[in-house]
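Heads up, the next two complexes both have chain A, just with different partners, chain B and then chain C.
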Partner chain A sequence: MRISCPHCGERDHREFEYLGSAKLLERPDGGDRAAFHDYVFQRKNPTGENAELWQHVMGCSAWLYVVRNITTHEITAVKLARDVKAAAR
Partner chain B sequence: MHYSALQILKNGLTGNKGWKPVWRDPEPKKSYDIVIIGGGGHGLATAYYLAKTHGIQNIAVLEKGYLGGGNVGRNTTIVRANYLLDGNLEFYSHSLKLWENLEQELNYNAMLSQRGCLLLAHNDGQFDGLARRGNANLATGDDAVLMSADDVRAFTPYLNFDDARFPIRGGLLQRTGGTARHDAVAWGYARGADMRGVDLIQNCEVTGFRIEGGKIKGVETSRGYIGAGKVGMSVAGRTSQVAQMAGLRLPIESHVLQAFVTEGVKPVIDTVISFGMGHFYISQSDKGGLVFGGDIDGYNSYSQRGNLPMVEHVAEAGMALMPMIGKSRMLRSWGGIMDMSMDGSPIIDKTPIEGLFLNGGWCYGGFKAVPAAGAAFAHLMATGEKATWATKFNLNRFETGHVIDDEGTGARPNQH
Partner chain C sequence: MNRFPTGGLIDRDISIPFTFDGQTYTAHPGDTLASALLANGVRLMGRSFKYHRPRGVLTAGSEEPNALMEIGIGADCTPNTRATTQEVYNGMVAQSQNRFPTLKADILAVNDLLSPFLGAGFYYKTFMWPKKFWEAVYEPIIRRAAGLGRLSGQADTADYDKAWAYCDVLIIGGGPAGLMAALTAAKGGAKIILADEDFIIGGRLNSEQTEVDGKHSQRWAAEVATQLAEMPNVRVMTRTTVTGAYDGGTYGAVERVGDHIADAHGAPRQIFWRIVAKHTILAAGATERPIAFPNNDRPGIMLASAVRTYAHRYGVAAGQRVAVFTNNDDGWRTARDLMALGVTVTGLIDARTDVAPDVDCPVFTGAAVVGTGGRLGIERLSVRTSDGSIQQINADCLAVSGGWNPSLHLTGHMGGKPTWREDIAAFVPSPDSIPNLVTVGAANGTFSTLGALKEGMAAAKAALKNLRLKQVRPKVPAADDAQGAVTAFWHVPDVKGRSWLDFQNDVTVKDIAVAHRENFRSVEHMKRYTTLGMATDQGKMSNMGALAVMSALTGQSIPETGTTIFRPPYTPVQMGALGAGAAGKGFAPERLTTSHDWATSRGASMIEVGLWHRASWFPREGETYWRQSCDREVKMVREAVGVCDVSTLGKIDIQGPDAGVFLDRVYTNVFSTLKVGKVRYGLMLREDGMVLDDGTTACIGQNHYVMTTTTGAAGPVMSHLEFCAQCLWPELDVTMISVTEQWAQIAVAGPKSRELLAGLIDDISNESFPFMGCGAVSISGVNGRLFRISYSGELAYEIAVPARYGESLMDELVKRAEALGGGVYGMEALNVLRIEKGFLTHAEMDGRVTAADMGMSGMMSTKKDFIGKVSSQRDGLNDPMREQLVGIKPTGAVRQILGGSIMVNVDADPIRENMQGHVTSVCYSPTLDGMIGLAFVKGGHARIGQTIRAVDLLRNVDTLCEIVSPQFHDPEGEKLRG
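Entry: the complex of A and B
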């Protein structure tokens, strides 16, 4: 599996650290207990496309928003997580 | 038929014509008191204990493929009870006790081999951690022996003790741990369940649930609708998908775990060994193949095959621990899909839907849990109460803060 880092170009996935679902970008208010439980622990866990967070730890250190098919490992989009978060605001 | 030495002798002398198929191949009935989804180790064990211990007659196990064709047929067959935290401690302790009597219970040779299970430490911190773990096991009533480096050297002399990076500091041995014949466990429970009237229905995929007024009514399947008083999900690796059909979202991610086996070699490893640096564990099958594995690949996957970097990592760890295995050739490798829960521990609980029960989230510990999980899930489904050895595997523990994080890595399934 290879991931195209927007800064560094296409690299082997071993350069990247996987965090988990990109839903982690949407941190709810800490006072909303149910929403926070869902945020930390609950996952859709689809078999097809999933938006995920990876960090290019052995490259530019950027956090990336990666859309990957969980069954075929095909990657259809890579963006900077910063930009995705800014666009969502 | 009761299996015995006499039967083997009798059939051996009469051309082996007396052996009969071990279970029926029934057509599904219109409805059952209890339907178990998933004909793997856990599902079959659940059906067995529902019939045997709780005397329930009208049960079906629905399997989308063939019995024992999932993770119970794709694991590294290790049985042990050397966990650290309450919840896991008493559960695996109970499971090991059931393992020790399993063959007599089922009248089936599960080939349980209590050859010991050795965890290695490579520095003082790890050694202290093993001492703590051993004390927890002893306090639970299980077996644990803390070994110095010299003890380990006497026990497994072929390890690389003086590796410059990972010298062996000591180990923790559980003599009652070991391996079992994984397929035979599924077959033994299947036979026992069938003998007690359970319908084992293969090639029957559940495609939906019928839920009315928050209560389960039955399941839609590839072989038609089947009504059910209660339904239990026991579908390792696919738990999120099956639960989603009932509108549930779970604290589970699916990851792929690889395992490897070499060509058969003469007996060389007479125990189970876990390397403490990098995740690597190895044993030798009765056929002679070295069976070993490592970590999950590290990112969600449903592909049932692993990626090459983890193959390389596992091979490197193996070579660091026992350079002699570098001479053996790898015969095959495979990947299984794991329900990785958010704290690394399983869930055996009711769901918010009345009559729908969940047994899942076993990460890569499901095989050793088969007897106790089946018995606990059966107890829960039959009585509505948690079994005494499985009171803490609650679905809502993530909400209440009662997580059981044996590895201490937090809500990161790829780190467990």
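Entry: the complex of A and C
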């Protein structure tokens, strides 16, 4: 698998570390325990496209928002997680 | 000798000696082991896996199931090497395998007589009981009897390498289709790699008597290969097998660099390549398939294509009196070619009825071979003619052709399913099985030379277009356009005796019938029940035949029956190649402190902490046991002064106007109030409320902090901080970078530590550097940082200097410590010191404990949000009966405590249901003169003073303990502040 890092260009997947669903970008504000339970533990398990977080640990350290098809490993979008989060604000 | 007087791609002027089973033979450059043995009249090359039947070479390529050899001696011996691909080198030692005592007289050939009892499923049915006999008795015996080559038992001394390559177009296979594709793509300016598993480019062009562009196909191939090699944008990789297709246009490939030479002069033996290609053209050709008939596995029975390869490429007659058995037109060519070379063809047997072979030899149409005879090799065969009568034919070689299977294996590596083509009675790759890969030529079911050339060119043109490169219009050379008619014919029906399908795993047509009868009918079940296709050739010879037999039995069509899934690797890959560079020291990177050499020169015993190597203890004269050194080092720190390299702790430089706010959010406690020149201990949680790490963070300037992490968690903490900064709060103006390797950091601990530093640093007074103070210092003119922090509970400092000064600072500090009655200490003493003080490591912070479990709920700020705050409020995490951190010390007769012991109440059985907790850290404390430990005990904070047992059932130690505070030494912290 190859991931195109917006900073470094296309690189082999072994330069990256996988964290999990991009849902982790949506940390709840405030102290609602139910919201945090959902944020920390609840994950969808889709086939097909899934938004994920990867870090370019062997490169620029950027956290990446990667849209990957779980069945084919086709990657349709890579953005800086920072930008995705900032845009959502 | 079976060598023709002329012809072939061998250098007849040079003779190379080699041995096979102790006997010396000669070969010529260009020979494989198989061709050389055939040239020397050796037909018997191996014994079969299960029945130990005599076997000879079946093919002339990497699909060979029979002629597997051990090549080399001692540690260099490689078993299961295919004689058909192994080039002969000067002095090569080859041995046959799976026989005892010799190939000709193998006593386990008795298995063949027992074959009625050894059919498919035999192991499952027979060795059922007694249960424990399987591992102890049956399996070792079966493994010895049924097998392939032996491993040397010694470490492989050969070098392997790994490498990456990138190209616009990867062309797999250098036959007519691959060569034409390469030529076209190269002329268009594409950066190309042409990989071929063979050592001469050309594929079947080297194996046939045919013309391309008005010249012999061998010459055309050689000319194109030379032309390609001279182009700067082309990399031709011979002896390179593309073994797997992976995501994103990545391909695995093994290049055999040194397997064919006696002395590689330091070159690696093999290189494992990862090739990344924008476009790939698969031109892997096709493999001929055998026909199953009784005793079709006798040495001398070979694929017709292999007989032609040996004749045209190696100048070797596979036999002097050859018969041909075919279901397609290609078989006729074999008979014609051999006769043109002066070989007697004793019969051409064609299974088809409506054909009229135009060959000047005895011809039998609508006929079939129903048996063969001969000792250790074929001497005669029985033919059932179209009228049902049986006729005997003499032959020392039987060339068999059952049609061709496209080599589509790579197209299945990403889950693609092949398509059945009735006209060629074979599966072909389905389009788009691998993104950006196009299959051409015989691999695509296009068997004519002209068709292959055209498809190769068309695929290259399409690739050039996609790459937006120059379009070229090379001329397609003139070539043979015969596709060759074929009628499916898989096995001879209505016969007695065993007809082999899988030569390597000894699976017969009957075994498939057994699998069918016992309802293992799905191809995946059939495969596993009979072991068909599970040998090192992965069913290249056998899968199609078995599918056909099963589909006839079930009444389903072949496409309905389906195929098993092809997975990487295409041919076996040696572990050495896969693990290239990772053996021995290459297994993991080593991180060494700047004082590493200094420490080892002092005899330090080293220990691995993650990737770091740290000094464990420093033995002095007369000390023979680690505890002696460790106890002395602990006392040294408690009574005088000790010096320890703590550079391995993670150091993260954090800067920016929002750095303080950022730290508030990642630590449980408040950091934004920390003044410049101060250090604070901090606790970090995961978002689920569990402790992630602890450490100190120093404020060394306005909006400038230096965080320390534990050695083991440095990477994860850095990653976590980056996540928080980039993914959670990108609006915060804060940046961070790891400076672990930029700074050497050395701890100076003990009551005399200030005295030690007084000679080095101008002002070391308690006023300038109070407890938890920090600041810039100059040490012999070197700008460093001083932190008054302690991991030992003593008056202590840590000095950081740029890494290049680490070793000299260490040396200087230790000299000064020794002058004060102290000295250097290692990890063991460091561990004892911190246990005595009740400080934590990841033995305690094991990912399952909360701040409250560790007695640190007071560090959880109520004034701000932080990572893990909300989740740590979960009810279950606030259960008062959770396991909580306590200290323990022995109170009974047993004075020993072992790490990992479980805790149970005094009168309880040490069983899981009664478990009260576990011991995380133990040590002998020289300060307290006894063993102490840290443990997690249910409701432990409220049980101080109670008695409990620490039980280690493995080592049989049962210790009565008192639960105490985890701060054994100086609980008030007076020494720290002194």
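Quick note on the criterion: the second predicted complex is superposed on the first by the 88 of 89 C-alpha atoms of A that agree within 3 Å, B and C clash if a C-alpha of one lies under 4 Å from a C-alpha of the other, contacts with A are read in each partner's own complex, and residues count from 1 in each chain.
FYI, a residue touches a chain if its C-beta (ideal position, glycine included) is under 8 Å from a C-beta of that chain, and two chains touch if they have at least 3 such contacts.
Here the structure is a predicted model, which means the values were calculated and not measured.
By the touch criterion stated above, A:7 is placed in contact with neither chain B nor chain C.
When the two complexes are overlaid on their common chain A, residue A:40 makes contact with chain B and with chain C alike.
Applying the stated contact rule after C-alpha superposition, one finds that A:73 touches each of chain B and chain C. In the superposed model, A:82 makes contact with chain C only, not with chain B. Set against each other, chain B and chain C touch different numbers of residues in chain A, with C touching more. In the three-chain superposition model, chain A touches both chain B and chain C at residues 1, 12-13, 19, 33, 37, 40-41, 72-73. Interface of chain A with chain B (complex): residues 1, 12-14, 18-21, 33-34, 37-38, 40-45, 47, 50, 52, 68, 70-73. Remark: chain A residues 1-2, 12-13, 17, 19, 24-25, 27-28, 31-33, 36-37, 39-41, 53, 55, 57, 61-63, 72-75, 80-83, 85-86, 89 touch chain C in the complex.
By the touch rule above, chain C contacts chain A in their complex via residues 164, 246-250, 274, 276, 414, 435, 687-688, 719, 722-723, 726-728, 730-731, 865, 869-871, 873-874. Contacts from chain B toward chain A in the complex involve residues 240-241, 249-254, 298-303, 307, 309, 342, 398-399, 411-414.
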